[in-house]
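For clarity, chains are labelled A, B, C, D and E in written order, and residue numbers in each chain start from 1.
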Amino acid sequence: MTQFTGKDLLCVRGGRVVFTGLDFSVGPGGALVLIGPNGSGKSSLLRLMAGLLKPYAGIVAWDGEGIAEDPEAHGGRMHYVGHHDAVKPALSVHENVSFWAGLHGHVGTVDGALETLAISHLSDVPGRFLSAGQKRRVNLARVLAAPSPLWLLDEPTTALDKATITTLERQIAEHRAGGGIVVLSTHGEIPLEGAGVLELAHFQAGSGEIAA
Amino acid sequence: MTQFTGKDLLCVRGGRVVFTGLDFSVGPGGALVLIGPNGSGKSSLLRLMAGLLKPYAGIVAWDGEGIAEDPEAHGGRMHYVGHHDAVKPALSVHENVSFWAGLHGHVGTVDGALETLAISHLSDVPGRFLSAGQKRRVNLARVLAAPSPLWLLDEPTTALDKATITTLERQIAEHRAGGGIVVLSTHGEIPLEGAGVLELAHFQAGSGEIAA
Amino acid sequence: MMGVFGAIVRRDLRLALRQGMDSVMVVMFFVIAVVLFSFGVGPEPNVLARIAAGVIWVSALLASMLSLERLFQIDYEDGSLELLALAPVPLEVAVVAKVTAHWLTTGLPLILAAPLLAVLLRMDGEGFGILIAVLLIGTPTLSLIGAVGAGLILGSRRGGVLLSLLILPLYIPVLIFGVGAVDAAIGGFPFKAHLLILGAFLAGSAALCPWAAAAAVRQAIE
Amino acid sequence: MMGVFGAIVRRDLRLALRQGMDSVMVVMFFVIAVVLFSFGVGPEPNVLARIAAGVIWVSALLASMLSLERLFQIDYEDGSLELLALAPVPLEVAVVAKVTAHWLTTGLPLILAAPLLAVLLRMDGEGFGILIAVLLIGTPTLSLIGAVGAGLILGSRRGGVLLSLLILPLYIPVLIFGVGAVDAAIGGFPFKAHLLILGAFLAGSAALCPWAAAAAVRQAIE
Amino acid sequence: MKRIDYLANPTRFMRLAAVLTPWMGWATVLLAAVGLYLAFFVAPPDYQQGESVRIMYVHVPTSWMALFCYVSMAVAAATGLIWKHPVADLVAKCTAPVGAAFCFLALLTGSLWGKPMWGTYWVWDARLTSMLILLFLYLGYIALVNAFDDPARGAKASSILVLVGVVNVPIIKFSVDWWNTLHQPASVIKMGGPSIHPTMLWPLLLMALAFTTYYVWVLMVRVRGEIIANKIRVLRLKQVHG
């Protein structure tokens, strides 16, 4: 079975240990929710999982193989949603989504994704006319348009209205039902059935473990 | 009594009518919560109230006088918290907050504000080392440090952890108890006693009302 | 009002000194540009001396323009500019404060470096004093004009190139009289008229540019 | 892999054509810089002709540098660069695709405008053909080198000026041989060696710069 | 494992530096004294150049050091990038100002020497030009390493720049062979051994050695300073972050 795991992760940012000795493991259909107060390292952990940040020690692995060994393969099986929405002001909503879907080799599924997130009426509107929540929906449409087994979502409900949050929850459930894996961070409540919860505050460094 | 009012506001952005025929009125100690789906115009209305955006028609007034007539006076009695946190990476948290407080003529109250938001231990830390939620707290500290009768907050709880949200709610209650006015937008629930609620979706333009 | 002016100048100076070696870098760009021209033109000393004043002025102008690009940019991106516009003082005050801090950290060092480059380009000794004088009058004018351009490009997607298009044409008169004064001094001609005209440019731009720049900033943050 | 390369090139071309008049602006900067020089140096035709090749090259170089500043900047700020780095193709491919699109929208128009400016500067007729040839070989080299610099300055606090410090020194060899070839052709000397060296520069930077630029981008988005 | 390295390496380096620093200091003083004496009082004036040949004893070693420092930086940068060795980044960072100073001195002494020899302070030939580019590369490095809010970012970005700029070093070295320049070709460091009289060779080598020990000395002092400054910064951060 494919397992997404991290072992003994040490994260250092700006010369400071953010968290240390962190392990996690999620299997097919599983979900992991990252919680913790501001600055506890939720975003940092998601970036480690995506491969954007290298762990100072420890390893993040897919099916036992470190993700750093074949970054392109990891990119192919993963979607990362960060704080920025990567929406080009000059391209229409449809063009924005289909560019990213195309990079993952999917192009026919864009309209369906827009439909699901209730932005198909904005399909031809340029990105610069979108509000904060509309941009976020475009970003999520990119994830839906190109199916990939692993979703990494950093506070995905930011700026979304309630109806869209419900839609997102349903999509996550569907994704998991199909054997997909979800890791997300949140300050609110996202009800995910049978999800593991990782409280980042438990992995703060002790007083001795400051990096020189 | 000071009243903060808007009459028959029409807002046009990107050649499209965002809302029309909108009225509001808040008195001392009052609060107004803006709700509505993504793109319904919450941020736009707050920018109108701050004077950053000019209404296409209608008037925003303080005590009966249009805010555009004396923008400096309006600036002096108002705090606006938008999507950006205005935290300088090279300045320490204390320097960041006291610069803005100084513009409003207050300097002695900075430490108290940092204390309230539980970031006084970060006082000497440069802004570049802060996480999303910590930056947001610095931004809110600026508001607390220089008392002003009118607070305009655009999704102020974004990125805040639960403990800080509670603090913010208490501060808003105190502000109102002292005769202050609060207008804020939110997708979540911010329990404000006796607050008016404005559903932006009710002021959408009919199909005929597209601005040329 | 003066208190706020001082506060903004102090903040900008502190930011400049603390984080970037702004002044150092502008001077270095200035030097490199002059060196590039020497390369391009070739080593003949008399040709170099002939065009020295022009090369120094054009390089100073490009350096000033490049550093102006970010005059409002960072404040715009992190939301500070909105808050400055909402502060209880006219936006014009904030604009002038920012221009002042900018000139102190970049314009002044340029002027100090200019004589050195004049030596390198084998400029005639007579021109040195007047070169400094015209730069002292000319560079604040450049900063003021540049501020308008820096405001106009906010939020547009093509910073550098667009800025240069907007403000370089406005720089041309300053350039012509600046070079003219130096050449006149070297040639032994009177140059007072040039200085007076440059002074008039400075007065004019000090009167007009803050309003224009503030208007530009206001429309950018709508 | 080629599909992704094509997709990125097409996207960048579309963005360039749709939103900014990039090409127009670069060309205009080029023209204005040359004009500034003519003003700075004064109108004597023989001095102008003497320095024509140098002025054109230096202006092309500055124009190229200015437009390169934003090569990755916007994608970096709106999060697209992270996603490109996470795409299932090597980041080097994306870098080369972006450089290609950039050169097509800015380098090519520069080359088309150059002969016009040569006429303006009264350059000798012999130099025209060779000027275009060296620009054709030289400007892609500039774009490739500049891409490394554009990657390195991501996230730093001083874009434009810093970039110029990093890459202008590396531009100097291209400048020297570019001007040398034109001057040789005008003087009736052989210029094949110059062209070969410029070709070697192009090959070398095509081999090295994509890796360096990708490495720079990777560390920037950490 | 890696974590142990990270914590232990600076400590080990600090111990090594504490031992080496005084030795390097004294070696510099001694070598420079002997070298300068030989250069000024023992070495003969040149039959063509007269006394001005004595500039050579400063010019040539500083030129060598300018190149040597850049290569050291490149090696340190590569080490830092590949093995993430924290001291390597500091070595590169601390070498830059020293190398820039040597480079500046080489240019200065060269052009002072050029006036009597070539009749001009400066010509745009390949050796001189590439050396000037080296100075700019040093300055660009210094600007870049300090341009970031996070020192780790500065270290990485500038390491990449050093590795790109290193192509300039062979150009400087061989420019005199590849193009005909005013500058004279190598006579000490070349295939087939040095072709220079021992009375001139010895002071030259001594001065070169003195500059090398000086470099190591300054490097030790500066890297120690950086490590201590880092520790203070991190402790302060830790204190306030709780």
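Simple rule for what comes next: contacts are C-beta pairs under 8 Å (C-beta built on N, C-alpha and C of every residue); 3 or more make two chains touch, one makes a residue touch a chain.
None of these values were measured; they are calculated from a predicted model.
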Shared chain contacts [chain C and chain E, defined touch]: B, D
Chains in simultaneous contact with chain B and chain E: A, C
Chain whose average C-alpha position is farthest from chain D's own: B
Most distant chain from chain E, judged by the mean position of its C-alpha atoms: B
Busiest interface, counted in C-beta pairs: C-D
Between chain D and chain B, distance of the C-alpha-averaged centres to the nearest whole Å: 45
Distance between chain centroids, defined by C-alpha means - chain A, chain B (Å): 30
Chain centre separation in whole Å, for chain D relative to chain A (CA means): 37
Where chain C touches two or more other chains, by residue: 19-20, 25, 28, 32, 39, 42, 77, 157
Junction residues of chain E, two or more chains touched: 129, 136, 139, 143, 147, 149-150, 237, 241
Per-residue multi-chain contacts in chain A, two or more chains: 14, 16, 39, 83, 89-90
Pairwise touch network: line, ring, star, complete, or other: other
Chains that touch, pairwise: A-B, A-D, A-E, B-C, B-E, C-D, C-E, D-E
Contact set on chain C toward chain B in their complex: 4, 7, 11, 14-15, 18-19, 77-80, 82-90, 221-222
Contacting residues of chain B [partner chain A, same complex]: 13-14, 16, 36-39, 43, 83, 128-134, 136-137, 155, 158-164, 187-188
Chain B residues touching chain E - in the complex, by the definition given at the top: 89-90, 121-126, 128-129
Of all residues in chain B, those that touch chain C in their complex: 50-54, 72-76, 78, 80, 82-91, 95, 99-100, 102-105
Chain D - residues contacting chain C, complex: 19-20, 22, 25-26, 28-29, 32-33, 35-37, 39-42, 47, 50-51, 53-55, 57-58, 61-63, 66-67, 69-70, 74, 77, 157-162, 164-165, 168-169, 171-172, 175-176, 179, 183
